[in-house]
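One chain, subunit A, appears in both complexes that follow, with subunit B as partner in the first and subunit C in the second.
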Partner chain A sequence: MKKLAFIGLVAALALPATTNAQAPKKGGTLVYAISAETPTYDCSATDTYAGLHFLAPFYSTLLKFDLAKYPGVMGDLAESWTISDDKKTYTFKLRQNVTWHDGSPFSSADIKATYDRLRNPPTGVVSTRRATFADIASIDTPDANTVVFKLSAVNPAMLEHFASPWNCVYSAAKLKDDPQFPAKQVMGTGAFKFVEHVKGSHVAGARNDKYFLPDRPYLDGFKGVFILQPAAMLNALQGGQVMAEFRSVSPAERDRLVQGMGDKLRIEESSWTLNILIAFNTEKKPFDDVRVRRALSLALDRWGGSVGLSRTSTLRQVGGLLRPGSPMATPEADLVKFPGFGKDITANRAEARKLLAEAGVPNLKFELVNRTIAQPYTPAGIYVVDQWRQIGVEVQHKQMETSPYLAALNAGNYEVAIDFSNLFMDEPSLALAKYVSFDKAPENRSRAIDRELDSLYEKQNRSTSDAERLGFLRQFEARMLNQAYQVPLLWWHRIVPTNKIVMGWQMSPSHNLGQDLVNVWLNQ
Partner chain B sequence: MTTTAPVITYALPKRRHPVVAFTVAQPLGAIAFVVIVVMIGAGIFAPWVAPYDPVALDFGAMLAPPSFEHWFGTDAFGRDIFSRVIYGARTALTIGFLSSFVGCTLGAALGVASAYFGGRIDLVTQGFVDVILSFPLIVLALVVVAMLGKFVVGGVDLNLILAIAIPILPKVERVIRAAALSVREMPYVDAARAAGYSNMRIIFRHMSPNVAAPYLIMLTAYIAQAILLEASLSFLGLGVTEPTPAWGLMLSGNASDFYREAPWMILFPGLAISFAVFAFNLFGDSLRDWFDPRFKT
Partner chain C sequence: MLSYLANRTLMMVPTLFGVAVLIFFLLRVVPGDIVEVKLRGDGGTVTAETLEAERKRMGLDKPLPAQFVDWMTGMATFDFGKSMWTDRPVSEEIAARLELSIEVAIIATLIAVLIAIPMGTLSALFHDTWIDYAIRLFTIAGLAVPSFWLGMLVILSLLSFFNWLPPITYTPIYVDPVANLSQLIWPAAAVGYRYAAVVARMVRSSIIEVMKEDYIRTARAKGVYERLVVTRHAMRNALLPAITVIGLEFAFLIGGLVVTEQVFNLNGIGKLFVQAVSRNDFTLIQTMVMLIASIFIAVNLLVDVLYAALDPRIRY
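Coming up: the complex of A and B.
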């Protein structure tokens, strides 16, 4: 099996050369699997990949990530941009040949309307990125092809935020008529026009002949098929009913596909901007006691788990609050100094038992809330239950469907939970936002209030010097991992299978990026 | 003159011990009973019988084939499958027995009461039972477990027990009601009524003991159904949760990923389910035959 996986990896490594060597062909319909159905048509109201794998081909964004130069960004609707010396004014020159799918012309007013809706949503409109754009003081449109964003304070992550795949640009005219328009209809300036969405079945798009990039898209259309069961998805891929699954499969699923499809399959792998967190509800005793939280973090053998779990699940790398290997991630030499990240697990567990005894809970019992999703939540749950048993802690593992699980976490109806951090880029302000105080960040499931963390977050967010920012990041991480409100278990590993006829799709560390399908073509 | 009364001796038929008599009359039932006893013993004495901790992970022994060290091999987390099958008996029997007991007891109580009161109460009860009976067992259990969620007390999910018991209830009610209808016409029930006994006393003291035989037979037979339902629900992710050892759960999750390279991951829990269900079904059938006088002739 290892041999087969190796063949797959070799095939993956051979991809760029193959792609570059051949001229793209026009025509054909890409059929791919989506393992969940989007909860909404409104990009602003969701942060699940299920939304992007459905909606991204229909929309454009102001900027987008240049996956060939990740984490670099490139223009999408913007042709060029400048940033003022004080880093508070962003001026974008927009493309002039852009039209909406209904034929109406695109202008800077559309960008203004979209970002006004994101940062200050009207009543009844949900914007999950309201806080992200809180630093925007004003948006001006001096002409139809220019938009100027003025910030109230320096924000080193702002350019990357403009490239967020969730910032689908909407028509100002449509928003004026109905601010809820994006939740009801799909109409953008993207490479594909919306054809149909059959609930429980598929979404389909057809080539936008008036797309602003010449000769793009290459495809006649696409069809995203909702296949919720992994076994069914594997069968569909093997049987040729679908050509790709762009999120990820597990190592075992990869091996099965490699065995079944041989040289028809391409496997691409990458570390992933996703991690599994253990969240302690600090509003519930004894998890309000730092000794208890730290003891439970100390008991986890992350390095051993990384070796074992990477064979059976999508979990792999040990890391801190930023993706291991990313520019600002904590190096291993520093990471091992944090509680629970040291490699001497015997010593860690001895200290953990001591801390629990000091806290007066040597025989701690609690319920661990987890999702019913197999990968990688179930293996993560099994693993931490086993780890905590080894320091005498008894855990009841409770797995719940996604909706009640999220409801329980958001309402604080849990003691300890398996949580996750889902990022679309390796940007500290984005990555650390989840750990600032609960009254500032509702997505902080530990519900902890820590003004020192808030202050460090604000300092790194306003810093204009990389070195200074890195210093604040390290302090933030040290404070967070010592207080252990939420602690990372392991980072995920992304494995994307595609049929070799699928060309031009670019692998990245995030399953949220690169789904506009502009450059995808079929070699058939 | 004295007369001596002749001594008459009667040769009383030799009475066999009931266990021996059952074994002779129902040899397959006896074998099934032995299997059940072994399973119960394994469940009760699991900590002494199982060679390994069933939830302990050992990444050094992942997917190991059956060997002297691991008789049934190991799973994707290096857990000993033999130990998990042994502990799984505990889960299967606890949930199986409790679900069957709750379902059969409530069904029997409803059946006797429905037969005793008759009239509108019987009509409404039977209508309700008809509605529930129209759903397949597994579908009804799925609906109930999805609606109720989990309520774990002492490691046992009480809602799961209820979800399995509810589909059993109407089936038992229908059989017990039929038996109770004939009991209701017995003179001793009339006598109890004439003596002014309360309805509850008549139902529980005079009628219920006379429907005990079908109740016991169904209690045994539905343990098998309950074990199968628990395994099915766990397989579908709606029953017992990891890392609790449960046979149905052992067939899902990583087992579906690795069954090609590690078939022992599904073979042994599958066999355990089959043996348990077969044993309880066989024993239930044998009990029915044993209690039924028509089969004795």
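Coming up: the complex of A and C.
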């Protein structure tokens, strides 16, 4: 097994040299697997990666993440931008040679219409990013190539939000005719034109010959095939029916592919902007008692679990509320000071037993609600049940399908649950939103109300100084992990397999980024 | 016969209405909310107002009886509504998959019939000989081995021995028959084996029983050739229960190949059914249940009509 992993690692390390050494070739059709089918064509109405792996090649965004310099951002439809000294005005100069797939010209009015729809959706239109852009006070278009966003308050995350891959830019003329147009048809300014979507089967796109970047895209087209069953996806990759799966595979699946495909396969790995959380329902006794929550967090051997679970699941890094290794993440030296993050598990468990005894529940029993999704929910659930058993806590592990699972969590019909945080970037305002009080953030599964956390969140969100912001973040994290309303178990690890003929695709810590396929080419 | 057909067709209405009532209200008892799954299933931070607005847009805020009346009115006018997950017409969602599922069912039925009838007959005519034992072993294995597992073996064998896999996306048979059959023959064979085993055992036991009947003895006493005794006198009667099984299996295959479809990545009705259930896509589930119930009823009717064609004693 070690040998297989070594081969994979070597393959990954060899990538940059190979990519740089060869000039991109034009032509060919990229065929890749998508492990879910998008629920909608409207980027504003969804948060699932399945939407982006389908839609991103057809659309452009105002900015996008520069994956070579992640988390830096770069222009997509914007050629350049400036931010005013008070950090409340963002002025974007737009590209002038952009046309829509129907041939009509692109202008600043399209950006305005798109963002107006995002922040203030008309009746019947769903915008899951309405709150994200609530700080935008006005959008002005002084000329066809300039757009000015004025904010009502400072928001240090706003530039990154403009680079969100979900903010597909739509035609103002089409939106004027029908605000629901993006949900019905796919028409953007992206590198590929929509060809077909065969429901349940695949999506296909063809090169946009009038794409605004010269000589791009390299591909003639692409085909995204929906393959829901992991074994079928592995077979398809091994058999050459598909050339890549851009979300992730598990370590065991990676090893099977390496064994089956040998030097035809490239494996790229990265830490992932996803984590598994343990959520304690603070409205249920005894989880309203901080000693009980802290004891259960103390009992988890995260460092040992990181070693063991990383062999069998997509879980790997120990981290706090921000992705380990990301610019604002808590360093390990500070992290180990939080309850449950120290490396002396014997001492942690002794402390946990003491806290449970003090709280009057030395023989605690409860039900752990989890999802039926295998990776990484099932191994995570099994692991924590075993960890708690070691301090005398008896847990019944109840796995549920996604729909009843979400229903149980949202209604508060659970005691302790395996939850998750799914981000597309390492931005604290996005990452910490899940932990503010339940009356402000319904996605806070612990249902805790903590005004100190709310205040710290607001302060970091309005801070104009990075150092000051970092200070508030540390305080927020310390408060959160000490109160242990929701505690991270481990962060996920992304493993992307591609056939070596696929070139120019860039790995990143988020499966939501880098799917516009502009720079992808086939070495065949 | 015509009045019988008319009566049976009319009887479909209350049967389907009963199915409709049952499925509609049972689904509403199941916990879960499609809006939550759709907008928050991947961890999205969506406000409660957005969720509520989407529920309203889908008509989920209306009282249940009003929702039922809306659905029934739509059904009566062949407007099956829109999928709550994709917002596309349910008829479009189903039509894209139905063609493939029906084709797999037809190919599997052909495979099953071509294998089962000769094997079942041979097994009956040579019962308690090595031929019978070999066929029984073959059929018992067919019943014991799950179709999806056989499918996995087929896929892995094709990959290991020939480094080849069938096409991954569906091409209609009228567009490219070779591509179509090279994709569908493998899953059809995998499910056809079990199907053949069920039918072959039915044929065998029926023929053994029929061969003991008085009219067979009479035919033999009259000096009729043994081949004619079997084909003309025994088979026609012995096939009646086999036809019932073939009909039921065929109807089952339309929507029941859930795991096999996933193994072969087939875009069929079974996979759609599972997706719809996991997402609480009520309108899609309801329409699919009604479709499958209609297929079962139609196949049963066809089987009854075939009874009359095969057995001169049966008249409606």
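Rule of thumb we're sticking to: the second predicted complex is superposed on the first by the 524 of 524 C-alpha atoms of A that agree within 3 Å, B and C clash if a C-alpha of one lies under 4 Å from a C-alpha of the other, contacts with A are read in each partner's own complex, and residues count from 1 in each chain.
In this section, a residue touches a chain if its C-beta (ideal position, glycine included) is under 8 Å from a C-beta of that chain, and two chains touch if they have at least 3 such contacts.
As the structure is a prediction and not an experimental result, all values here were calculated from the model.
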- For A:H397, decide between first (touching subunit B), second (touching subunit C), both and neither. first
- Task: Considering only the touch criterion stated at the top, classify A:T40 as touching first (subunit B), second (subunit C), both, or neither.
- Result: second
- Task: Please work out whether A:T378 is in contact with subunit B alone, subunit C alone, both, or neither, and reply first, second, both or neither.
- Result: first
- Of the two partner chains, subunit B (first) and subunit C (second), which one does A:A252 touch, if any: first, second, both, or neither? first
- Item | Touching partner for A:D386 - first (subunit B), second (subunit C), both, neither | first
- Given the touch rule stated above, what does A:A231 touch, subunit B (first), subunit C (second), both, or neither? both
- Mind telling me which of the two, subunit B or subunit C, contacts the most residues of subunit A? C
- Message: Under the stated touch criterion, which partner chain does A:A350 make contact with: subunit B (first), subunit C (second), both, or neither?
- Response: neither
- Mind working out whether A:G304 is in touch with subunit B, subunit C, both or neither, as first, second, both or neither? first
- Message: Counting contacts the way the document defines them, which residues of subunit A are shared by the two interfaces, the one with subunit B and the one with subunit C?
- Response: 231, 404
- For the complex, which residues does subunit C have touching subunit A? 30-34, 36-48, 50, 53-54, 57, 85-88, 92-93, 96-97, 152, 155-156, 158-159, 163-165, 167-170, 262-265, 267, 271-272, 275, 278-280
- Query: In their shared complex, at which residues does subunit A touch subunit C?
  - Reply: 37, 39-40, 45-49, 124, 126-128, 130-131, 183, 198-202, 223, 225-229, 231-232, 235-236, 238-242, 401-404, 406-408, 410, 420-422, 430, 433-434, 441-443
- In the complex formed with subunit B, which residues of subunit A make contact? 1, 231, 250, 252-253, 256, 304, 307-308, 311-312, 372, 374, 378-379, 381-383, 385-386, 389, 396-400, 404
- Item | Touching residues (chain side subunit B, partner subunit A) in the complex | 55-57, 59, 62, 76-78, 149-150, 152, 155, 237, 241-244, 253-254, 256-258, 260-261
